[in-house]
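In the two assemblies presented below, chain A is common to both, partnered first by chain B and then by chain C.
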Partner chain A sequence: MTFLSGGFFLLVGALLITYYALPKRLRYLSLLGGSVAFYALCGPKYLPFLAITVLSVYGTARLLGRNLAAQKAYTALHKKDLPKEELTAYKQRQGRKRTALFLLCLLLNLGLLGALKYTSFLLEVLRAPWQVHWVLPLGISFYTFQSVGYLIDVKQGKYPPEENLLRYALFASFFPQMIQGPISRYDMLSQTLYEGADFDLERLGRGLVRILFGAAKKLILADRLAPALSLLFGAQAADYRGAWVFLGMVLYALRLYADFTGGIDMALGVGELFGVTMPENFDRPYLSKNIEEYWTRWHMTMGSWFRDYVFYPLNVSKAFLRWTKRLRGRFGNGFLSRMPLYTATLIVWFLTGVWHGAGWNFALWGLTNGVVIILSLTLKSLYDRLHGRFPGLKATKAYGAFEIVRTFLLMCLIRLWDCYAGPAGVWGAFSSLFTTWNYGQVAARLSILGLSGAEWVILLVGAALLLLVSLKKGEGSFRRFLDSPWKLWLTAAGLLLLCLLLGAYGPGYTASDFIYGRF
Partner chain B sequence: METGKKKKNWIAPVFALVLAAVLVWGLGLLVRPKYASGITLEGSMVENWYDHAGEGHQVLFVGDCEVYESFSPVTLFEEFGATSYIRGSAQQLMWQSYYLLAECLKKETPRAVVLSVCSLRYPEPQSEAYNRMTLDGMRLSREKFEAIRASLTEGESELSYYVPLLRYHDRLFELTGEDARYLFKGPELTFNGYLMRTEAVPFTRLPAAPPLRDPGFGEKPVAYLDRIVALCREKGIALILVKSPCLYPAWYDEWDDWLTEYAEKNGVEYLNAIPRMEEMGIDLNTDTYDGGIHLNVYGVEKYTRWFGAWLSERVELEDERNDLVTASRYGALATRYEWQKTEGGRGA
Partner chain C sequence: MTFEQLLDLLSDLHPDIDFETAEGLIDRKVLTSFDVVSIAAELSETYGVELRAVDIVPANFNSARALFALIQKREDE
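Moving on, here comes the complex of A and B:
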């Protein structure tokens, strides 16, 4: 079941009725029921895996919370009558217990994710004589990460564990974020998830507009581009070189953005219908001026997850701190002394890559991002010196636009890993950008992509509108524009009509699932 | 005061909902194919019947091209004074014939129903395009709902039969003047359901018949044939099962035997017109428009004359040629019919 299936809309409609019919304190149960129903409708075989994660993380978090509370009580009670060393030893013993529990739960959940997601790939890499075809539960990467994040926070005492199993189960399985995120944090999501929102027509309208805006992006832009991109990146990809690669990577950037942000808009919109606020996942990423900025604006919840739960803990780990200290003592503040930082960066980006999928392309995509970030960090002083020579250049709009285009094209190039099979395919496509000079011919042969003139107009106007909305969003004006019920509901009606009239769906189009749903 | 404000809050969403519904409906009308020209004129025929539903026909033909390109209601009226209508469409499957007939019988009770048995050969729904040509033209009713359910091919969206915009939205950039002209009502291109063809393409040779795998018919079409028999029996209507003189696709002896036995068992008539072609005077050099697969207007008239006589011996038909209203209606139809016959081409 996807966000664009009739079944999904029926489910949301039924949930809206049950949600607002129930007393406020029980409304979260309707969302839990809906989440279980959604997951079961996607495939009942996935439910046991979700149940394992929910029960193991809930149970472990409770034990961790209990242990922390007991430790706190014990130290408070014996603060005066026990020597400091004994208290420290006690704390260390309890800490070890918690770590053991935590690691056990982590092993179970990441092990499950790893086994289901990567075994097949690893067997292939190891050229094992047998193969496995295990089921990959829907959204396992998303709910596992969300659950692990919660467990880490509880272990660190950031907040007490959720005591109610049903409430926790809802946090881990809230259906709008199951397919492609966002990856929520418990302390943020729980504020509205269990609250039981009051019926508010305006909020419903805003939720609906967001859902329809997402659907429009997906149906009108992303799905319309899908067949053309299948041609450019498919089995005959070698026939489309040079300018076709350039066109393909730009169109892919548009498709990926429309698809992923469309899906997230729909997820956030569905949440809004029930008064649930989930974190934003995008902040106009294609207006970023460098790759570091881009990664703070694209798939923000995944980026911050890796930053908070992998990068920072790794960087401040005893081993890394010792390594940094040793290198500083030997090499001062130069490039080599930053090796621990770069190593942590590469580890994080490797993990980010393989989180997206099991395959060399994913790993290499992640590492390429890491290498480019390291290069930009390393060369920063050089840039600064350069800009020092031309003061005022950086402040000009033209230079700002150049930086935006440069970052956009850089990200397009890195995404070639996503488009072509294997390093040879990526290298072939990349090198052809400079060696196959067919830029003059492409315009005349655009029709082979199967898009009519009207469809190109739709794509261009759609892309321009997205850009406009992005530029306006900076001023917060789009939401402000919908300041009256008439504007709000007529916008909803207009978006619905646009989706139905201009969407690429029905016979001739294979209903393509959301791209990020694969991860 | 608060209640008044709350009431006002509902105005905008309700208005937007109604507006969206009206626009979805209106745009659906605009983009749905009108079948007014080109090769798929059959698509508008099912819809046309509603304009004639109250005319009280004596004979109702139901089925695929073996009725709508085989019988001429104008000839039947001119020769025998019997009024008739053809509720047919391209590759109309047995269950679709059942639901179309059931819909007709809610409005009229003919003396005879002539059912083409050609589609018994199809055990399952065949293609979305043919489904659309039959089902899109049906008005909203229980029969339409059930016909859709019975006809869906894999991957088809049921909802799109009720909301045409979902199916035809991609025609937005192909719209022509015809789409505006026939916005609310499709063109009437037939003569009481008969789609005229005037060309003559002599019979040469047809592909060899593949070996028959099953001497009977599929479970589903037979079940719907049973329902048609029951429906006609319930209404006291004579049912004639007919295989028209069309040489392709092949009609097997085993099927002929099966239907003969079935007709006997159920007390209905079965006519295989293929062996009677000589008796009818059909000349395959001049009377078919596609080399022997379907009859042209000249063959149709010969077949209709012969069939009218055959039918008169079995069903009491009333001569309505002296009824002024009916005669004038058929007179107008005949004028248009003769004009088309002289002008040539397809449809009207």
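Moving on, here comes the complex of A and C:
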């Protein structure tokens, strides 16, 4: 079941009725029922895996919370009558217990994710004589990361654990975020997930507009581009070189953006129908001026997850700090003394790559991002010196536009890992950008992509509108424009009409799955 | 460590920012994640102040004052 299936809309409709029919304090139960129903409809065989994660994380977090509370009470009670060393030793013993519990739960959940997602690939790499075809539960990467984040926060004492199993189960399985995120944090999501929203027609209208805006991006732009991109990146990819690669990577950027942000818009819009606020996942990423900034604006909840739970802990770990100290003592403040920072960056980006999928392309895609970020950090002093010679250049609009286009093209190039099979395929496509000069020929043969003139107009206007919305958002939320009920409902009607009239469906098209759904 | 020493450390990273008055350093993306870990490494190396993973939250890095309060807390331990 996808967001764009009749079954999904029926489920949301039924949930709206039950949600608002129930007393406020019980409304979250209808969301839990809906989430279980959604997951069961996607595949009943997935349910046991989700249940393992929910129960193990819930139980472990409770034990961690109980241990932390007991430790706090004990130290408060004996603060005056016990020597400091004894209290420290007690805290260390309790800390070790918590770490053991935490690691056990982590091993179970990441082990499950790793086994289901990567075993087949590892066997292939090891050239094992047998293969496995295990089930990969829907959204396992998303709900596992969300659950692990919760567990780490509880272990660190950031907030107490959720005591109610049903409430926790809803946090881990809330259905709009199961297909492609966002990856929520408990302290943020719990503020609205359980409170039971009042019936508010204006909020419903806003949710509906966001859902339809997401659907329009997906149906009108992303799905329209899918067949053309399959041709450019498919089995005959070697026939499409040079300018075709350039065209393909720009169109893929548009498709990925429309697909992923469209799906997130739909997820956040569905949440809004029930008064649930989930974190935003995008902040106009294609307007970023460098790759580091880009990754704070694209798939923000995944990026911040890796930053908070892997990058920061690695960098402030005793081992890394000692390593930095040793290197600085030997090499001063130069490139080599930053090796720990660069190592942590590469680890994070390798993990980010394989989080997206089991395959060399994913790992190399991640590592390429890491290497480019390290290069840009290393070259920063050079850039600063250059800008020192041309003061004022950086503040000009023209230079700002250049930075945006440069970052966009760089991200397009890195995404070639996502488009072509294996390093040879990627290298062939990349090198042809500079060796095959066929731009005039491509312009004359655009029709082979199967898109009519009217469809090109739709794509261009759609892309221009997305850009306009992004630019407008910089001056304040686009939603402020929708400040009256009639504007809201008129916009919803307009978007629905656009989806029906201009959406890519019917003969020759299938409502394809969301790209990020496969992660 | 004194507040002035912290201001010097931060100014080395971003000479163009007045850290004495600047607020929302993380929220406004003045400091990046690389700046944050560079600060943590510098604090550990030069001043012997070891921050923990749990300390690295926006509230502690949004202003020099907030960061200084955290440093004092860790020094007192």
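In this text, the second predicted complex is superposed on the first by the 518 of 519 C-alpha atoms of A that agree within 3 Å, B and C clash if a C-alpha of one lies under 4 Å from a C-alpha of the other, contacts with A are read in each partner's own complex, and residues count from 1 in each chain.
In this text, a contact is a pair of C-beta atoms (placed from the backbone, for glycine too) under 8 Å apart; a residue touches a chain by one contact, two chains touch by 3 or more.
All values reported here derive from a predicted model rather than from experimental measurement.
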Joint occupancy of chain A by chain B and chain C, clash or fit: fit
Touching partner for A:Glu293 - first (chain B), second (chain C), both, neither: second
Touching partner for A:Gly33 - first (chain B), second (chain C), both, neither: neither
Partner chain(s) touched by A:Tyr312 [first = chain B, second = chain C, both, neither]: second
Angle, in degrees and to the nearest 10, that opens at chain A between the C-alpha centres of chain B and chain C: 160
First (chain B), second (chain C), both or neither touched by A:Pro279: neither
Chain B versus chain C as contact partner of A:Gly114, first or second or both or neither: neither
Contacts of A:Lys325 with chain B and chain C, given as first, second, both or neither: second
Touched partner set for A:Leu497, first chain B, second chain C, both or neither: first
Chain B and chain C, minimum CA distance [Å, superposed model]: 37
Doubly contacted residues of chain A, that is, touched by chain B and again by chain C: none
Parts of chain B lying in touch with chain A, wherever the complex brings them together: 9-13, 15-17, 19-20, 23-24, 27, 128, 157, 159-160, 165-167, 169-170, 172-173
Chain B contact footprint on chain A (complex, rising order): 6, 201-202, 205, 452, 454, 484-486, 488-490, 492-493, 496-497, 500-508
Chain C-facing residues of chain A, complex: 156-158, 292-293, 296, 307-308, 311-313, 315-318, 321, 324-325, 328, 340-341, 344, 377
Contact footprint of chain A on chain C as seen in their complex: 29, 32-34, 36-38, 40-41, 44-45, 50-56
